[in-house]
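So, here come the structures, one by one.
Both complexes shown next keep subunit A, but they swap its partner, so subunit B is in the first and subunit C is in the second.
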Partner chain A sequence: MERAWRNWYLIPYAAWLVLFVIAPLVFLVYESFLDIDGQWTLANYEKVLTPIYLKMMAYSFWYALLITLASLLIGYPTAYWLTKTRHKQLWLLLLILPMWVNLLLKVYAFLGLFGTYGLANAFLQAIGVGARQLLFTDFSFVFVSVYIFIPFMVLPIFNALEELPPSLIDAARDLGASGWTTFRRVVFPLTLSGVKAGCQAVFIPALSLFMITRLIAGNRVITLGTAIEQHFLVTQDWGMGATIAVVLMIAMAVIVFLTGSGRKEGSR
Partner chain B sequence: MKRTHRWGRVYLLFVFAIMYTPIGYLMYYSFNSGGTMHDFQSFTLKWYGEVLSDDRLLIIVLNTLVVALLSAAVATILGVIGALAIYYVKRQRMKNTLLALNNVLIVSPDVIIGASFLLLFTLAGIKLGFASVLLSHIAFSVPIVVLMVLPKLEEMSPTWIDAARDLGAGSRQVLSRVILPFLTPSIWAGFFMALTYSLDDFAVTFFVTGNGFSTLSVEIYSRARQGISLSINALSTLLFLFTMLLVVGYYVFSQKGGRMYGIGGRK
Partner chain C sequence: MNGQAIIRFDHVTKEYDGTAVLDDVSFEMERGKFYTLLGPSGCGKTTILRLIAGFIEPTQGTIYFHGKPMNHVPPNKRQVNTVFQDYALFPHLDVFENVAFGLRVKKMKEADVRQKVKEALRFVNLEGYERRRIQEMSGGQRQRVAIARAIVNEPEVLLLDEPLSALDLKLRTEMQYELRELQRRLGITFIFVTHDQEEALAMSDYIFVLHKGKIQQFGTPKEIYDEPVNRFVADFIGESNILSGRMIADFLVEFAGRQFACVDRGFAPNEPVDVVIRPEDLELAAPEDSQIVIRVDSLLFRGVHYEICGYDENGNEWLVHSTKKAEVGETIGLRFEPEAIHVMRAERRKGDEGWNEHGETGI
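Showing the complex of A and B:
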């Protein structure tokens, strides 16, 4: 009786898992061994290892790394000062509110902001730097990406900081540590789980952004995501697209494995 | 100490200014009669009129809402069932495996979810359009609901269930009278989360939408690729106000239901 009752819940859930988690991944791996005519081949994997694709992957990782580091550099102090404000939950909500604005609209806003006569150029002119081409450069790509990812970085770090017992900071101060030493030796190491969770939440999607590269960077920046989209929806070479997706997934798994399960610790 | 606080405040203000500039910029120019996102000429509401009289756009908005509400509702039911399934699994290994599989769709980049769903629907012979978009939105919302409901379930004291059983409640009554009422705030929070994920999704939808069916994100993308048009600005202002309402609703429920779990999973 007891057992049968429990299994009832597992049936629909397991069906969902098999249909929408396991099956798509299996199909993706299967497709990666097919060429454009549906014949079995290893050519896709050979192609992925040619310099063109390796270079694209290296660039993709490099940009993702830049975006992650910049988000961390901006996001950590933000989270830190947020925990010091009086109505911190409200401020946090205000900071992550832009997360709910459709991503495409935020990217679209930058088309205007970074345009030749946009606000950014007006500002640059006002401070004497002079107007310059901002759209369709790698700078604008990184800037817009960081803008979009900051809330994802702030949130886990904020949670980690909140869980830090204030007595530890008092103890460090009582033992004579300066503000900076307290931060470096006590606060930062103890919020590392949040930092890891934040970096994961930024780095992995940053590898696969394609709408930002398409809209903001012209075609100057090609990320793994752009390549997958290109193969699936433009050139219709699904096998090649699937192969890049498999490579991206392996890379992701390695990253998650290397950084540990920061997500779990962060939400504890 | 006081001084550093002041600098902290300046820093925060700066970050907030950056976060809100693009949104404010969009809204401001939605009232520009000039037709560009620079050189504000005079105040006008014509872009709003254009949005509201654009039948195609209104149908797309309706599509998006229908997909979001339906997928969030189904995903919430499936997600609650999933959370209960994981909760009742006693073996730790099995539990961890289920949780790991649950999280696959949360950590996967959208492009991969989109591409693999496209393969799935093509191989399964499902025509790309409303059905495929709805199915994929349900699929990627389920794990979020599970993650929002499960912690609450684990928080529940098992003695409640024992007590209900001792008092003669059947398993159905335990579920409807004890477990579900206790979970209600987190179920609502999960529903709102699923709703926002669905409304916000672009990449997955872009892959599985095919011709003829479109959601707002996909439509904005294709319009934005053609350059600036202030009706998008007007639309975004309207959307922002609508989102604010949703967020307030979500905030109220999540304050009741505990922490904001699960946010920060995707973009």
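Showing the complex of A and C:
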């Protein structure tokens, strides 16, 4: 009796786990083995391996990769610069602030900005490039996604940089390393954990984006996220939607495993 | 100017936000000597080290290496290496790669790198530790890796920023011997920063005593210990009895209400002075057969000696190190030789005429 009561505080968590994590997962996997009429089948998994879906998967990965890379290329220097500024907290707040605004709202804002008569086109016209079709392009899709995801990239890298003892940079310089060599051989390797965390935080949600693909890319970019949404809401083929979701989850797990557990750093 | 001087500071000042941490400092350092920068925290000793390493630039004045001004030369272009206070070893590299870092930056051939790293590790008695991770090394071992990583680059000057402060007492004493020995074997200039006066006295050829961004005294350990130039140095270097007095004439000084023969001269008649007597120079004697009579106030057994603290009839405090025991409350006599008395020019102090809290004269 005593013993059972000692762990009472675990009850809410355990209940949460069962109701909202384990049960939905079981349902999802169960659903993925049913066809549209509710019959047992493996057809969904066979279908996932057809060229249409494989291509869709490749696109998803490709765009997620693009978004992650762009976020990293912008995010790392930003984080580095943030650690050097005087008013760190203020700049950090400004970076985080857009995260408090509803996602849908931000996406709609871009619809206005990138529209035919939007600010972006006005600017392009002013500098003599001329108005362009901006919305419903790959570029605008990646651009808006990067905008949304950048704080998720910057924060873990910023934390990793903040934890880096400044004396290590002094030591590298003292041993003859130029600024760039110091970055390449000391700063970057030692902030790799932050880079990995940032990449995971961007890549995984980017893999299953659907709202941005719909609104900004005008369904021109079909990713797995869009496919899941279509199957559940439009074609009502829950089995197929569930299958894609399961495949996506397995892919994510593999990525986390490959990038996250790489704790063993080589000697060089 | 001087062909011997490897480093020269010429009226160097370093300010942070308008506050001088180093105030118009000039000195020279020769090749192959062991120098110690000694002082309490905030005295400017680490600032000097960082200026030499090139991590910071002077606000005013010039730093010369071999007679060439070096103010704007970045740290990676200086023939100087540093052993950092926290060692600053690279946690993502093993022992071998930490030591090899400087050589790899110089793009040295792999075979040479192996050879040199091996030698450096042998120098600090760490053979066989090449593939250990830094996290697996003890404090003393990390210390050695840091030293090996610095000396493998064959610097002309090795800077050591309180490298022993993180070690326990026994290891610290051991490393003091080792560092001194290492400096002799390498024959390069060591500049050692510490706030520990015993460490400074034990290891150095020359000591700079620093206080409030200024060099208070420069000299050999013996000179600094025996002939402190002012109250601060006397107080900071070892324990001492410091009394205010008056120089009556050459070889005659008055303090603690009496006149004593001494070996100092060259003061103005009746010039106010500070008198230093080291506690180990005081000898216990019978009250009737002594120069000063004190009443014992406290007694501590220190192992090699008793530390006796007492007051004379004028209320001056006296600290005595003696192998003989005394009882608290007992009246005892103290004897000392004229050579034990060291006379210094008095500084203006709080409570003196013409002095106020801010160290300014006048009202």
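Everything that follows uses one rule, which is that the second predicted complex is superposed on the first by the 257 of 268 C-alpha atoms of A that agree within 3 Å, B and C clash if a C-alpha of one lies under 4 Å from a C-alpha of the other, contacts with A are read in each partner's own complex, and residues count from 1 in each chain.
Basically, contacts are C-beta pairs under 8 Å (C-beta built on N, C-alpha and C of every residue); 3 or more make two chains touch, one makes a residue touch a chain.
Small disclaimer: the values here were computed from a predicted structure and weren't measured.
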Touching partner for A:A23 - first (subunit B), second (subunit C), both, neither: first
Partner chain(s) touched by A:A160 [first = subunit B, second = subunit C, both, neither]: neither
Partner chain(s) touched by A:Y147 [first = subunit B, second = subunit C, both, neither]: first
Per-residue touch tally on subunit A - higher for subunit B or for subunit C: B
Partner chain in contact with A:L190 - subunit B first, subunit C second, else both or neither: second
Contacts of A:A64 with subunit B and subunit C, given as first, second, both or neither: neither
Contacts of A:L175 with subunit B and subunit C, given as first, second, both or neither: second
A:L134 touches, of subunit B and subunit C: first, second, both or neither? neither
Residues on subunit A lying within both footprints (that of subunit B and that of subunit C): 267
Touching residues (chain side subunit B, partner subunit A) in the complex: 1, 4-5, 8-9, 11-12, 15-16, 18-23, 25-26, 29, 36-39, 78, 81-82, 84-86, 88-89, 98, 101-102, 104-105, 107-120, 123, 135-136, 139, 142, 171, 196, 199-200, 202-203, 206-207, 216-217, 220-221, 224-225, 227-228, 232, 236, 239-240, 243-244, 246-247, 251, 259-261, 263-267
In the complex with subunit B, residue positions of subunit A that touch it: 5-6, 9-10, 12-14, 16-17, 19-25, 27-28, 31, 74, 77-78, 80-82, 84-85, 91, 93-113, 115, 117-119, 122, 147-152, 155-156, 159, 179, 197-198, 200-201, 204-205, 207-211, 214-215, 224-225, 228-229, 232-233, 238, 241-242, 245, 248-249, 252, 256, 263, 267
Of subunit C, residues touching subunit A in the complex: 53-55, 74-76, 80-82, 84-86, 88-94, 96-97, 101-102, 105-106, 131, 149-150, 153
Interfacial residue positions of subunit A with respect to subunit C in the complex: 165, 167-168, 170-178, 181, 185-186, 189-190, 265, 267-268
